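Below, chain A partners chain B and then partners chain C, in two separate complexes.
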Partner chain A sequence: MSNGKITIDGQVLDIVPGKTVIQIANDAGIGVQHYCYHPGLSIAGNCRICQVEVEGWDRPQISCKLQPSDGMVVHTQSEFAKDAREGTMEMLLVNHPLDCPICDQAGECHLQDYSYEVGQGAASSPTAKTNLPKNVPFGSKIVYDAERCIKCTLCVRFCEEVTETNELAMAGRSDHEIVIMTSQGEFETPYSMNIIDLCPVGALTSRDFRFKSRLWFMDFAESVCTGCARGCNVMTGGRDGSFLRMEPRENQAVNKWWMCDAGRLGYKAANVASRLEAPLVRNADGALVQVNWERAISAAGAALKGAPGDVLIDGGATLEEMALANDLAAAMGGKAKYAAATGEGDDFLVVAEKGANAAGAELLGLPRAKKASAASVVIVERGQHITASMRDKSGAVVVFAMDGEHVPDSAQVVFPLPSSAERNGLLVNCDGIVQAISSNTAIGPNNLADPIELIEDILGELDDGYDWRGRDGVLASIRALPAFAKVDFPAGYEAAGVGAGS
Partner chain B sequence: MSVPPESTASVLPQAAPPEAVAFPPKELKKECEDILSRYPTRMAACLPVLLLAQQHYGGWISPEVEAGVASYLEVSDSHIRGLLTFYAMYNTKPAGRHEVWVCRTLTCWLRGAEKLRQTALDTAGVATCGTESDDGKFLIKNMECLGLCEVAPAVFIDGQPHVNVTPEKLTELMEACD
Partner chain C sequence: MTAKVKLVKRRRSTFLDRLYFPAIVTGLGITFKRMFKKKETMQFPEERWTVREQYRGMPVLVEDDEGRPKCVACSLCEYVCPPKAIYIVGRELEDGNTVERGPAVFDLNMLRCIYCGLCEEACPEEAIFMSETYMVWGAEREDMIFHKEKLYELGGVRAQGVKKWKDK
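Now for the complex of A and B:
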């Protein structure tokens, strides 16, 4: 049965029960400005920027709360609607400090964006702007500026409705209304930093990211957090080799709009001073010295011919890397195994399994290394899965590592490993969902070789008849495995033999 | 580009969370239950219960009372804090034995409210509104329209309205307080 039709900007659209006008418009690709509306939170209807004209009604209506009815005709771009929004902008800016030049939100601020869209809205108030608290710590990770705040209550609703920890409240009213933290010290919720992303303006900033970089100098890439097996979808942001921030990306099947604070701040591993930037080979004096890639590859081949054995791979490595680790082990007559840490989980996103691709390793049939054992090759990413004792006791001669601190003394050849923000590939999360990480070229040392190519090259050293397959070929062989027969691959990876990325 | 490490160790206020009082105390039990019986949900009873609590605990709601009321009404402390700061009639700092509200909205202001406020402050011996006088006798508050514009300027003392108030009359009224 039809629920009736609504016309928005000339498009005739179906009414969907439970959806308000802004949602129906958004679904049809008609963007309506909004501050206080968020699909994951209750509707507050306090900012008034989403006002539209409804034919036959003599007042503008807030589309975020407006229930559609059959035959309703809505205009989002009429003079009447624009006037209403312009008036709202004027009110919102009356007490706003307009300190965009020193505000971290600049460039991704809805207040800025909508100012451009609706026009200037020159202030007609002759009174001075109010002064409100600035630089207020909300826990150790977030800084609040009450003058920039537009009192949309998104942050308060998040702590009330999503985490149910109620650390924040709206205090006071009218031009002296501010957000306050009612508990002392830290947030109780480990998800507090999501309010920074929620805040449509620069009122909540990340102490970690504050004043680090202008957004327009950064590059962004869609990827996945490897902090635990949930695999929250993220956007990585980097500049000149540094990984500067990670923010959640919406995926209703995995993390909705959120991510945990620990995962968000986990990016720092890519910025350590001891990051490896070039291949190293141990010389006659026992020192690791920098060599070119060819020398390192042939040295690795020679070292492995002399000491064949198992391959120990990080639980955060990609499917492609794990599959090749399997081939490499087979070429040496050994087996590949993976290591992954376990820890605390909660009833929201964080899961106890920390290996971001532990499920992928299981699908590939790799056994899980529970304790230290011998291996000729160790591929270690952040060091939490393949622990110091596992690395040291492996006796590995060929080591792939991000961090020089993670290289065991036994290493003869060391390859620098790009971080998960610098590689392409697939991970299988705790629910069996296959997701892609993708490389952000603004992060990490320049010109690091893709471990996939390196492992294939080493395979070529070990086996004269080795047939290079490239990422697509490796993916095709993964797909051909019975365990992957029913597995869905993400966009860009659906067709057999086609791999996105390099 | 290198990223400088940042220390956050010293930025946090460190204070133990308030210990909730057991609410309601015996004396208020019956009245609280009466109030609750008039509302569909416990949350809906916040405002009258807070007023009752304020009267009982010396004219103000301390963080401990706030926490006690919150747990009694099964709402978060944050919700109560929002209400206490939104409505001007609640005090979150110690209040004097006598509360003097001086209207500051347009009509009263045109009719000399400014002078009344100064008189009230001088008589109480405090510098600003919203702070209890040193002797604990008075709390002067600036209020928005008290609904008595036709007989402005208006003042409330301990909940009792006084109209057409002059500075002399206000001094007299305040001096009559014990």
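Now for the complex of A and C:
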């Protein structure tokens, strides 16, 4: 049974029960400006920027709350609708401080974007702007600025509806209305920083990212958080080799729109001062010295040849890396195993399994190393998976590490490992969903070799008949495994060129 | 086609020419005569050109009349600068400062600056100005990178202009 039709900007669209006009329009690719509407929260309808014209009605209507009815004709771009929105913009800007030069939101501010679009140069209100509290700490991670706030209540609704912890509330009235914390101190929820992304303006900004870089100098890449096995989809942002921030990306099957604070702030491991930037080989005096890649590869080959040994790989390594670790172990007559930490989980996103690709390792048939044991090769990205005692007791001669602090004394050859924000590859999350991490070239030291190439080169040293497969070949051999027969790979992963070569 | 070539015989130097002395005397004569005439050029560096206020010399940073450094490290000048002569790192100002943000590092590389004035034009705070300074030198490359302190020293105070943080 049809629910009737609605016409928006000339397009005749089906009415979907439970969807308001803005949702039907968005689904059809008709963008309607909105601030207080968010698909993951209840509808408040208080900012009034989403107003549209409905034929036969003499007042503009807010499309976020408007229930469609059969035969309704809506115009989003008519003079009447535009006029209504322009007026709303002017109202929103009456007390807005125009802090853009100091505001971290500049460049990703919806208010800024829309002002730019409808561009009204002057305000008609003769009164001075109100002064409200600025630079107010909301816990230790968030800074609130009441002057910039447009009172859309998205942040309040998030704490009410998503985390159900109610840390925020609206207080005051009229142009003295502000958001307050209902209790002193920290946020109870470990998901508090999501309100920074939700806030359409710069009223809520991150203490951690504060003033670190202007947005337009940064490069962003779509990736996956490796903080736990949930694998929340994220955007990584960096500049000049530094990893500056991470924010969630929508994926309804995994993290919806959110991510936890610990994951978001977990990027710092890529910025440590002890990051390894070049391959090292132990010389006759017992010191690790920098060499070029060729020397390091042949030294690794020489160190591993003829000595049976295992490979211990990080539970956050990619499927491709794990599959090659398996091949490397086979070439040495040993086996590959992975290590991953476990910790606390909750009933929302965070899971107890911390190995971002532990499920992938299980699919590949790698056993889980629970305690320290001997291994010739150790591939360690995050120190908490392959712990200090596991590294030191392994007696590993070839080590892939991100952080110089993670190199055991037994290492003869050390390869610098790019962080998960600098590598490409696939991870399998706790629900068996395969997701791609992708490299952000603005993060990390320059010219780090892809570990996939390095492991293949070492395999070439060990076996004269080794046939280099490249990332595509490795991926093809993973897909051919019976355990992966029913596993869906991200659409377009190879086609997008991420899988091609490296 | 064969080119027509006409050979010109060169006059050989005479004995007097080869002495050079008469030529030197003539030359010095002209110099002496000029010394007592009105000078046509400016006697730089003793004498210096006074430039107008609108002159587009080296960019500098200024303070307002209350002694507040005006730059808020918005980095718009860094963004707009065509030869990438400006490098800024922002920082949070001390507690209670209502401006909240200022530069921790403000480096201006005068080996790169092309004196285009776009930084001055882009600045929303009227904090950077093309000054009257047209003599910029350094013995080493390092000397040509001007840091924040030096830029404020050169800029001094500009009383007029926007002061939008005053009432915060």
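Criterion: the second predicted complex is superposed on the first by the 491 of 502 C-alpha atoms of A that agree within 3 Å, B and C clash if a C-alpha of one lies under 4 Å from a C-alpha of the other, contacts with A are read in each partner's own complex, and residues count from 1 in each chain.
Simple rule for what comes next: a contact is a pair of C-beta atoms (placed from the backbone, for glycine too) under 8 Å apart; a residue touches a chain by one contact, two chains touch by 3 or more.
These numbers come from a predicted model, not from an experiment.
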Check: Are chain B and chain C a fit on chain A, or do they clash, once the structures share the same frame?
Finding: fit
Check: Who does A:S183 touch here: chain B (first), chain C (second), both, or neither?
Finding: first
Next item on the list: Using the touch criterion from the header, give the chain among chain B and chain C with more contacted residues in chain A.
Entry: B
Note to self: For A:G460, using the defined touch cut-off, is the partner it touches chain B, chain C, both, or neither? Pick first, second, both or neither.
What the structure shows: neither
Margin query: Looking at A:C100, would you say it contacts chain B, chain C, both, or neither? Reply first, second, both or neither.
Written below: second
Item checked: Apex chain A: angle to the C-alpha centres of chain B and chain C, given in degrees as a multiple of 10 -> 90
Item checked: Partner chain(s) touched by A:G172 [first = chain B, second = chain C, both, neither] -> first
Next item on the list: Once the structures are superposed on A, label A:G470 by its partner contacts, choosing first (chain B), second (chain C), both or neither.
Entry: neither
Check: First (chain B), second (chain C), both or neither: which does A:K212 touch?
Finding: both
Next item on the list: Minimum C-alpha distance between chain B and chain C after superposition, to be given in whole Å.
Entry: 9
Check: Both chain B and chain C touch chain A; at which residues?
Finding: 212-213
Next item on the list: Name, in rising order, each residue of chain B that touches chain A in their complex.
Entry: 1-3, 6, 8-9, 11-17, 76-79, 81-82, 85-86
Item checked: For the chain A and chain B complex, residues of the former touching the latter -> 137, 139-141, 156, 159-160, 166-173, 180, 182-186, 207-208, 212-213, 239-242, 244, 271
Item checked: Contact footprint of chain A on chain C as seen in their complex -> 72-76, 78-79, 90-92, 98-101, 124-125, 164, 167-168
Next item on the list: In the complex, go through chain A and note every residue touching chain C.
Entry: 97-98, 100-102, 106, 128, 131, 134-135, 210-214, 216-217
